[in-house]
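Below is the structure I would like to discuss, written out as structure tokens.
Chain lettering (A, B, C, D, E and F) follows the sequence in which the chains are written, and residue indices restart at 1 in each chain.
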Amino acid sequence: MLKNNTENFIACECSPSDADIIIFGAPFDGTTSFRPGTRFGPRAIRSESFGLETYSPYLDADLSDVRAADCGDIDLPFGNPDRALDIIEEFAGEIFSMGKIPYMLGGEHLASVGMFRAAIKRFPNIRILHFDAHADLRREYLGERLSHACAMRLCHDLTGDGKIFQFGIRSGDRDEFEFARGHTTMRKFSLEGIDEALMEISRNPVYLSVDLDVLDPSEFPGTGTPEAGGVSFDELRKALSKVCLNANVVALDAMELSPHYDLSGISTAAAGKIVRETLLALSIGKSKIKTSVKK
Amino acid sequence: MLKNNTENFIACECSPSDADIIIFGAPFDGTTSFRPGTRFGPRAIRSESFGLETYSPYLDADLSDVRAADCGDIDLPFGNPDRALDIIEEFAGEIFSMGKIPYMLGGEHLASVGMFRAAIKRFPNIRILHFDAHADLRREYLGERLSHACAMRLCHDLTGDGKIFQFGIRSGDRDEFEFARGHTTMRKFSLEGIDEALMEISRNPVYLSVDLDVLDPSEFPGTGTPEAGGVSFDELRKALSKVCLNANVVALDAMELSPHYDLSGISTAAAGKIVRETLLALSIGKSKIKTSVKK
Amino acid sequence: MLKNNTENFIACECSPSDADIIIFGAPFDGTTSFRPGTRFGPRAIRSESFGLETYSPYLDADLSDVRAADCGDIDLPFGNPDRALDIIEEFAGEIFSMGKIPYMLGGEHLASVGMFRAAIKRFPNIRILHFDAHADLRREYLGERLSHACAMRLCHDLTGDGKIFQFGIRSGDRDEFEFARGHTTMRKFSLEGIDEALMEISRNPVYLSVDLDVLDPSEFPGTGTPEAGGVSFDELRKALSKVCLNANVVALDAMELSPHYDLSGISTAAAGKIVRETLLALSIGKSKIKTSVKK
Amino acid sequence: MLKNNTENFIACECSPSDADIIIFGAPFDGTTSFRPGTRFGPRAIRSESFGLETYSPYLDADLSDVRAADCGDIDLPFGNPDRALDIIEEFAGEIFSMGKIPYMLGGEHLASVGMFRAAIKRFPNIRILHFDAHADLRREYLGERLSHACAMRLCHDLTGDGKIFQFGIRSGDRDEFEFARGHTTMRKFSLEGIDEALMEISRNPVYLSVDLDVLDPSEFPGTGTPEAGGVSFDELRKALSKVCLNANVVALDAMELSPHYDLSGISTAAAGKIVRETLLALSIGKSKIKTSVKK
Amino acid sequence: MLKNNTENFIACECSPSDADIIIFGAPFDGTTSFRPGTRFGPRAIRSESFGLETYSPYLDADLSDVRAADCGDIDLPFGNPDRALDIIEEFAGEIFSMGKIPYMLGGEHLASVGMFRAAIKRFPNIRILHFDAHADLRREYLGERLSHACAMRLCHDLTGDGKIFQFGIRSGDRDEFEFARGHTTMRKFSLEGIDEALMEISRNPVYLSVDLDVLDPSEFPGTGTPEAGGVSFDELRKALSKVCLNANVVALDAMELSPHYDLSGISTAAAGKIVRETLLALSIGKSKIKTSVKK
Amino acid sequence: MLKNNTENFIACECSPSDADIIIFGAPFDGTTSFRPGTRFGPRAIRSESFGLETYSPYLDADLSDVRAADCGDIDLPFGNPDRALDIIEEFAGEIFSMGKIPYMLGGEHLASVGMFRAAIKRFPNIRILHFDAHADLRREYLGERLSHACAMRLCHDLTGDGKIFQFGIRSGDRDEFEFARGHTTMRKFSLEGIDEALMEISRNPVYLSVDLDVLDPSEFPGTGTPEAGGVSFDELRKALSKVCLNANVVALDAMELSPHYDLSGISTAAAGKIVRETLLALSIGKSKIKTSVKK
């Protein structure tokens, strides 16, 4: 029987209504200040995911046991970040209203603000775990508030102090680092402090936001603003697995892959592997939660 | 309403059962002798087709008026050309049995043999119009008969003499050119002679086989074996439109895009535009035929 | 004597106040719908211009005899096309108020709208000569009016019918081509008709807008949306020289180089050569005008 | 005196009859499932080896003291893995029959099966030390047994249980990891356990098979299926030197460089350095063995 | 029987002593002013020649009938153009003294001066046919006389006026074009005038010097200084074949391929095809000469 | 007010006369033996520096507080290393005579010899801290003394024994390593021993020479001769900061970025970050020195 072509992240073949996790792409890079191109990120992750195995020897788990759907890239207008954020917020809101976990593939980091606005409406006591090379805490950038460089600052406007935990940060202007001292919990340069953070937020719903440029540029060259001195893939994989296994993650994203800047494809392959590992850990973590709830 | 992600050549969104033309990819490059990579061709054409318009100012026609479906890439085994051809033959056969026109995106040229085997079963008096830089008339290549360099020779085994018309040929060994003199109708270097060929085959069903490397490498660098001195995009576009408008094309293919060898993407864009123009011309041509049949 | 580093298009070393022509870059690509990256265009043209000679054997003229200044790239906000256009308009307006000719290097084609707004204020009976692969006549694109796909339509809003002459157009949707029939003078596919247009506008000031993707992708692969079937470099060079030599060009631009998509650098080299030839032709043309005025 | 051009891995200029070690290339990638191109690996290693020094400061030894010959790439048919393996087996067999050590440069990992068939005929109690990101233990892949994903499984068919030692494995399907538990000695993720393995096989002839993708993609991006989270060059260099210095290596290979996926050339440079270090260590190790035999 | 690896331009497998034509590479780019890298040209042509057929359908001739040897790249010092030219002169002189035709693959155009010095010693009434985008007639460049930009001027120092015929020239400074008017026969922009030149030099030995950048950058992007507006491959092929068939070519070169600037490989493929066609035409031409001498 | 375009390393906008540190580029790669292209290094560092922040979270300092000027690239002849070194020596000498610190961006390492000749004239008891993958201690290379492979040997000719401290060295021929034992202080493979060296030279002026290929190729692929097994960015950053903070650095350089070999741009980004961190550390270090002098 001939069928229309479907394309999804490997093994995420559930129908949306049957899925626990809904993957979608937010192909937006309209405020990127240095090198644009993250709009091609989600398609690349999806398309290259077929070079991955569905099985993880790290977690001894297989994507074929995860109920995830891939709804593809949403249509976003070019040159209008305001409207783009609204569309993302609405799309994520629809996923939340179905009781499912949205997994957004970026796209630039500003897109996270759209999904976070939907999340905090539904989960008012939500916390953000933020992995990034850049602080993203600018008040404005070249006169614009809706900028990728302001993403976490815009989230902070919604959360207030003490709700955002930042890891791996190694770039920003002086004001951002000063702002962090009073308003967020920032770990510079490394991913240390995850355990403390997890302890602190053990009763909160969590938005897990991963700017993949937290990785060292040697492992993740395909991004707009490579920052030397990042964390290794294994460090990131372990940290994210820990979060997904142990925290109550209600929404997550993996942002800032710009595949055209990495002709070798290793960035896309690394991104895909992060998506696989987080999907698996999330699925294992949720079943633990359900189990403990049942008891 | 959330939906699973579908991906198709732009505007080819019919269900297979409603479509007149069925696009599918044959991601096979297992006998490529120089630079492999055409397996990525059909995905690239599909994915980059969104940089095209659906409307053609050449034909004043729009893809939204064509009934075409895109069934994606079929699964083909690696390292077993024999079985790959069987699978392609079977898949194309299914399309023929539905009374539709298959449009195969390659993949290496050997794949055409699989689809042609299905075609000639159904249309015994079929003719081949073959556009290519290479004669593809070798008896064998490094001891193998199932080789891209033998594609037209293998078809000739099925058709017998005088049924294959070759255009744009500018490479081959001495034997191939000698073979052509007795057995096919070959036009070297250019696309001249199309009109005569169309006249000669006006009552025959036609298999239109396009190795895109017939284009000059300047316009189509993304291929395994670039051959300087090819035809221009406009020459090819015009010739193929003429064929599709005037001949009774029952099956067609566009082969040998190897996108990784062209980082600029112009090869993929050219391929996509050829697909669009042939889809439109085919659709216009068919409606003319139907009309004339009705009268 | 040590000096701070200056960087300009080759031989354009006048101070702005001494110059007849003022080059500047508009590094904006915020509404690009397919592949972004034209923001890097002006820097690339400037930087690679040192691979060019200052002398043109076509015009037997040398840039060292042209009085041009290069003011570098202007600062434009990311993600706010509205404000970007205002800044461009203001910057170009300043050049007009000094009685000089602005030469804008793009950046995406929408930027032309900013400079054209400044131009029509000062030259109300201005005409546009537009070279492009794309009609750019959309009313809106994904709901946005400020889009590169609407650039000429936005100019038409200011000029009214019959003031825009389009050459080389080979892409657009059906509505754009229909719009052109009633409202602009469009030559499809080729640059024919230049002489008639020049005759018709011989008494008007002219805005010369060149989307470099009018060139064939083989000669200009480094652009966002390559469209097969374009004009050759020599065809474009001759047409633009004719315009610059014979029309009263009061402002001009060369847009849509996206250098990261052409690793060979031939697109940037071609763009630079177009800039050199137009600068020279403009300079020769102006001296002819001055001479004829004097008599 | 003019001479025909010879080309060899740097300083491996012995005639084959005088050499202890015979390098040859197996340019075969016909069953590669994701990104082909390893056929270009051996030529790249040879050609780029002239960017290396012949001297190793790690081993304080110089290639000019090693007696090695480079016989170039052997001719292999495209699309026929069966016959390709036969040709490789025969070629390696000829080297064994001359009492020399073959050093095969790949090419995809399936080629190792050909050489291993020759090796086990001559050295029935041979053991395999296998460095790889992938387990290569599939029973079949898309219905084919002769697949790169089955390479070690095919070797296991010949050796039986307990003869294969695998290091650095971080990818495979669930079945492969289960198979490994009963049938091979597998170290996941790292190269630990080398010393124990060397102890265990101290009396056995050894086939050393290195899939270079065991390296982290950051150091070795030029391969078909990059797997994030690999070992470092120095870890691999040390482990392989230890093996070559201490085990009775009778045949070895370095596989899966796909140079076109790494435009920076660092993968090829790393591969070449691995070849140099193993040649040197092998040579030092053999002289130790000979010395101890003499006593 | 195992053999050391030889590598040659396809089918040029004669021993040097049996050959009529001796190919060698001059991997020198030490005075390149814009983008270096032609040192990799000869290796690339040799290595990629295996993507070509040995048979030419243009000339109906096969390289297997030509007696040519490939002696590989000669060793040239880096940073010392003076000594490099001496080495090239000596090497070419040795070929002349064997009564054979040297065919040098560049490398930058300055290398031609070395071979030409050897040629004019042996053939004092020699003429130069020079195909190039650039005039190469500078007296000096940044204070240096030994510069690629001076190559033909340095040859002119040896020949005097009227002995150099230049074709396709489209770049240079004003002085070069003025110099040409009095001292060489220059055809700008195109290859017209070949027939007249061949008539004029019908009794002279000819040095045929081809800077491959005479080709349009669309067909030959892989060069140091791409100049838009060049000739097509077919135009160049025809012109060079005419020269090789009809003139008494005693030495020839094909220069300025810089393969790293063309990742698609079409430049190298075009260069190789030019080498094949000139080898064949030369061989046919020589046999005609011999025949006519015999009669 | 319109101004001519200036271009500088980010935030280094002082006039030369006001600056403490003078940046300039030495775009010379004329003796590079493997892959040329470092001539493009300084422009790339300057141009891509705008992707960096001016603030360093490592040093809690901002470039806006450093008084540095960028004088751009100096004009150097192609093909004449002798004269190039003289020009560099003279330029650096002028900076020394103004009492400022020159910071040279390479270009190949041989350029350091020119600046060092100026430095030792002014600071006879100067010491060299040399970070590199390569020993650069050859007596000559292919017969030439002025070669990048001889850079430190040429410096040693001027300093005599015991004045050069080398770190990270992992490549060279046997003679170089032997020479090092008697004449320099060499640390192989790592950056250990910095503290001892700093202690030993605490009273000497220091020339800090950084061949950026000391970095691992995974973090710095964009260089002529990548050597696997290098140090990490963080290791280098820390070591250089320590030197700049604590030693009396009177001149420094950052050499051997070859940006065309790294299309991802991570090498240029890493180089720029090294420049930022050393500028900042130098500035902090100098103010400490001044302070202590004042007391």
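Here is the rule we use: a contact is a pair of C-beta atoms (placed from the backbone, for glycine too) under 8 Å apart; a residue touches a chain by one contact, two chains touch by 3 or more.
In this text the structure is predicted, and so the values were computed from the model without any measurement.
Listing every chain that touches chain B and chain F alike gives A, C, D, E.
Note on A-B: across the candidates B-D, C-E or D-E, the interface recurring with over half of the contact pairs conserved by residue number is D-E.
In whole angstrom, the spacing between the mean C-alpha positions of chain C and chain D is 56.
Work out the mean CA point of chain A and of chain C, and you get 40 Å between them. Among the residues of chain E, those in touch with two or more other chains are 35, 216, 218-219, 261, 263. Contacts between chains form some other arrangement here, matching none of path, ring, star or all-to-all. Chain D makes touch with chain E in their complex at residues 2-8, 13, 15-17, 22, 43, 46-47, 69-73, 94-95, 98, 263. Taken together, the chain D residues at the contact with chain F in this complex read 50-51, 53-55, 57-58, 60, 62, 216, 218-219, 233-234, 237, 263-266, 269-270, 273.
Of all the residues in chain D, the ones that touch chain B in their complex are 29-33, 35-37, 39-40, 75-81, 83, 141-144, 146-147, 260-261. Touching chain F in their complex are the following residues of chain A: 34-35, 169-174, 177, 188-189, 216-219, 221-222, 225-229, 261-263.
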